[in-house]
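First chain A sits with chain B, and in the next complex the same chain sits with chain C.
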Partner chain A sequence: MLAGMTTNVVFGLLRVAILVAALRAANGEIADYDIAAANTYVWIGQGLLGFVLLWGTNELAERVRSGDVVVDLYRPWNLQGALLAEDVGRGGYALLTRLVPPMVFGMLLFPFQFPQNAVQWPLFGISALLALVISFGFRFLIDISSFWLLDNRGLYGFWNVSSGLLCGLTVPIAFFPGWARDVLWMTPFPAVLQAPIDVFLGHGDPWELLLLQAFWAVVMLGIGHVTLQRAMRKVVLQGG
Partner chain B sequence: MIEVRELRREFKVATSKGLRRNYKTVTAVDGVTFDVAAGEAVGYVGPNGAGKSTTIKMLTGILVPTSGHLTVNGVDPSKQRRDLARRIGVVFGQRSQLWWDLPLKDSFDLLRSIYRVSAQDHRARLDECVELLGLQETLQIPVRQLSLGQRMRGEITAALLHAPELLVLDEPTIGLDLESKERLREFLADLNTRRGTTLLLTTHDLDDIERLCPRLMVIDHGRVLADGPLDELRAEVTPERELVIDLREPGPAPDVPGVTAVRSEAGGLRHHLTFRRAETTAAQLITQVVRQVEVHDLAVVEPEIDDVIRKLYQRQLDQDAHR
Partner chain C sequence: MAEFVYPKLIGARLRSQLSYRASFAIDFVTQVIAQGYEMVVILVLFTQIDALGGFTKNEVLLMYAFAGAAFGVADLFAGQLDNLPTYIRTGSFDVLLMRPLRTLPQIMCSDIRLRRIGRITGALAVMFYALAHVPVDWSPAKVLLTVLTPVAGAVIYSAVWVVACSICFWIVEGREFANAVTYGSNAFTSYPINVYSRPLRWLMAFVVPGAFVAYYPSLALLGRQDPLGLPGWVGWTSPLVAALAAGVAALVWRFAVRHYRGTGS
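The block that comes next holds the complex of A and B.
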């Protein structure tokens, strides 16, 4: 836990250094981001990363691969619902250990842009929770792709490499060229990371962002549900 | 309790040859029909790949049959999987349903919530299993640190906490030492006779069958080869029994009509004789033998259950060859 926090903060420092250097070179402001907003963006992003668990463990995929998933499948529960509940529980713990520490670190030691309106705090909370659900939706789909792929490590690796860029972790999505920005906002990716950060920073209408996230949360869970049903109908369960 | 009619399940298996990948269809279960009544204890045996586990996965609703009819507890497993899961227990000998990093007791608590068992019922059932299986010492230990024997007893407890009417066990004694096996068998036998829980178990350990299951089903290549009480199968497939006699003095084997001397050991001190149980009884034979030679000791040997099953496989192979 302590090691995780340290890594998280070190990467935060690196990202702040790069982003601030870029801002200085551009006379202190790029697309709505000044020095304080950029710092806030980085430290909230560092916190959300662990809270929404952008990069999961691929554990379920391994269970599909080994056949242990039969145990998960015969229980009298909805597997997707049970795993989501588990993930929300994990989020509760990650809130204290992963989300709050880097945010406090940034608030205390760096120029920080606090929400102008008090209502943005609870809205940020809801937005972060929705982001967690959408992130779960992605991870669940990647996991159960192993029912068909048998070995999903390629897809899993691809997600780990590309999700940071697509979700707005590498640079704010506002920094992208106009067409790329528009295309990305039509996908669920920004809803995982950029949306809660925007709610906190007051970029765009927070209610609109929440609505968009709620939409993607429902869609992602829906796709996951249908895919799991198909997996159970069609696909071989491994092992004797 | 279980009703199976002409049950089939096919799989596509990829076979690659160079860069080409072909799929061929393998029939894992090929027209299986059987019934299991409430309170029975049935052994389901067959070599690896015979279709045992596939059948069990269909019985529990996690695999959908390709064709055929199947009800367990009056419901279609794959359609009402969740309802069914609350009423049956399943133990996979090679998988674990316990939480690896949690103490055994925490796993049981989680299962209580998953199966929605009341706190009182849970308490009572857990206490009983803990007592009978001797789990007192292990409740607080994380599952990853339990021995295989302890873990299997934990797995069985986990499958029984919601008081299922049917307990399905897929190779429950695999990898266990003799004492752990015996303890488990004793517990399961008691569960079946005293509580009336229906048992269906697959195994490669035929002692499990001998000890637990009055009824035996033999399956191979997805088809049922034989189904009936162990004794009947034994009489049907191996009609011969063996009489072993130890003589006082070395000598030739006694010559009794209808009896074949198979071999002798210890320089003529011990003789193995086989006879058909349909033609003569052991008692008659012994009377005739003691008239001829002076016998020090004798024993009638039942055919080993392994032999019975090997002969069943052989019979099927012969039948296939004749077709």
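The block that comes next holds the complex of A and C.
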């Protein structure tokens, strides 16, 4: 855990340095971000990364490949629901070990932009939880894609390299040119990281952001549910 | 004998990876894209600003490309060290010790990750683009510098990788610590180092000699003054720094391996 935190902090420091250098070059403000907001953006992002588990394990996919998934499927439960519950539980632990430490680190050592309105704190909590559900939705779909692909490592790798930029981890989506910003906000990606950060910073209407996240959470879980149903019809038991 | 074994070993690894062509193609493309995304970050920043740390877009792209190419090559050979915790925990490091070959080359040849060539290809493409778009007063010496920079950088990164992973001999699950240094170093050196705060710069640019991977060679190529005040010839010293780093890495590795006790069973 300490090792993971070191990596997290080192990358946070590097990202802060680049953003602050860019802000200095732009006379201190780019697209509603001043130096305090940029620091806050980075440290919340570094925390959410572990809380929503942006880069998960490919475990379920491996179980599909090896056939062990049969055990998961014949249990009297809804597989998607059970895994979601497990992931929310993991999130509860990650809240303390992954989300809070980088945020406190940022608050103590850097200029930090606290919410102006106390109600933003609970809204940020709800937003982070919705982000976790959407992130789960992505990971679940990538996992069960292996029912069709058998070897989903290409897709898994693709998600791992793409999600940071598309979700707004590496650079705020507000920094993108207008057209790219509009395209990205039409996808579920920003709902995973940029939306909760925006709720915390007070960028945009928080209720609108929450509504958008709720929409994507339902859509992602819905697609996951339908896809799993289809996959179940495909499962062929081998051996005896 | 050793000189006959390694080409055969490497050849076998390469053939095994190429036998799954579709899988290799996807991995290759993913690596090109991964390298591309890092460039997108630079391009997005430069839609908002004209200069970063006093350097133009193409100058930053040149540093990023030098760093990317060097890191790709280092990853190809030294990236396998990320598996060191597994060797140590399961005791299979004993096997490496029993063979009449040196341990470090054995690990390096254990899995040449050919897909990393995707990363190198992406970085080289950006390097040629940037070189064509920055003002360089070309001379034979500067051509040589351009060729040597990614090579020296790769040696520096590899040395960093060896030293960082040596920690796993003491802390078995030390891989994430090591990654903070190795992957962190790649992220660090992709930008002009004068944008970082002083402590971070000292640690990542001079203790870990990241500044010599891309920043100083780029300054020498561009014929620019160092905003941090070091003289111009520093940009030509990367091969020396690389040799020094490799020497230190060899010593650290030897010391670390002596510390290895096996898992006992």
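One rule holds in what follows: the second predicted complex is superposed on the first by the 234 of 240 C-alpha atoms of A that agree within 3 Å, B and C clash if a C-alpha of one lies under 4 Å from a C-alpha of the other, contacts with A are read in each partner's own complex, and residues count from 1 in each chain.
Please note the rule applied: a contact is a pair of C-beta atoms (placed from the backbone, for glycine too) under 8 Å apart; a residue touches a chain by one contact, two chains touch by 3 or more.
Not measured: the values here are computed from a predicted model.
In the superposition on chain A, no contact is made by A:Ala36 with either chain B or chain C. Using the contact criterion defined above for the overlaid structures, shared-chain residue A:Pro76 touches chain B, although it does not reach chain C. In the superposition on chain A, contact is made by A:Leu165 with chain C only, not with chain B. Within the superposed three-chain model, A:Arg233 lies in touch with chain B and out of touch with chain C [touch as defined at top].
In the superposed three-chain model, the partner touching more residues of chain A is C, compared with the other of chain B and chain C.
No residue of chain A lies in contact with both chain B in one complex and chain C in the other. By the touch rule above, chain A contacts chain C in their complex via residues 3-4, 6-7, 10-11, 13-14, 17-18, 20-22, 25-26, 30-31, 151, 153-154, 157-158, 161-162, 164-165, 170-171, 175-177, 180. Of all the residues in chain C, the ones that touch chain A in their complex are 23, 26-27, 30, 33-34, 37, 40-41, 44-45, 47-53, 171, 173-177, 179-181, 183-184, 187-188, 191, 195-197, 200.
Interface residues of chain B, counted against chain A in their complex, comprise 11-12, 48-49, 53, 57, 60-64, 81-83, 85-86, 90, 92, 94-97, 114-115. Remark: chain A residues 67-68, 70-71, 73-78, 82, 232-233, 236-237, 239-240 touch chain B in the complex.
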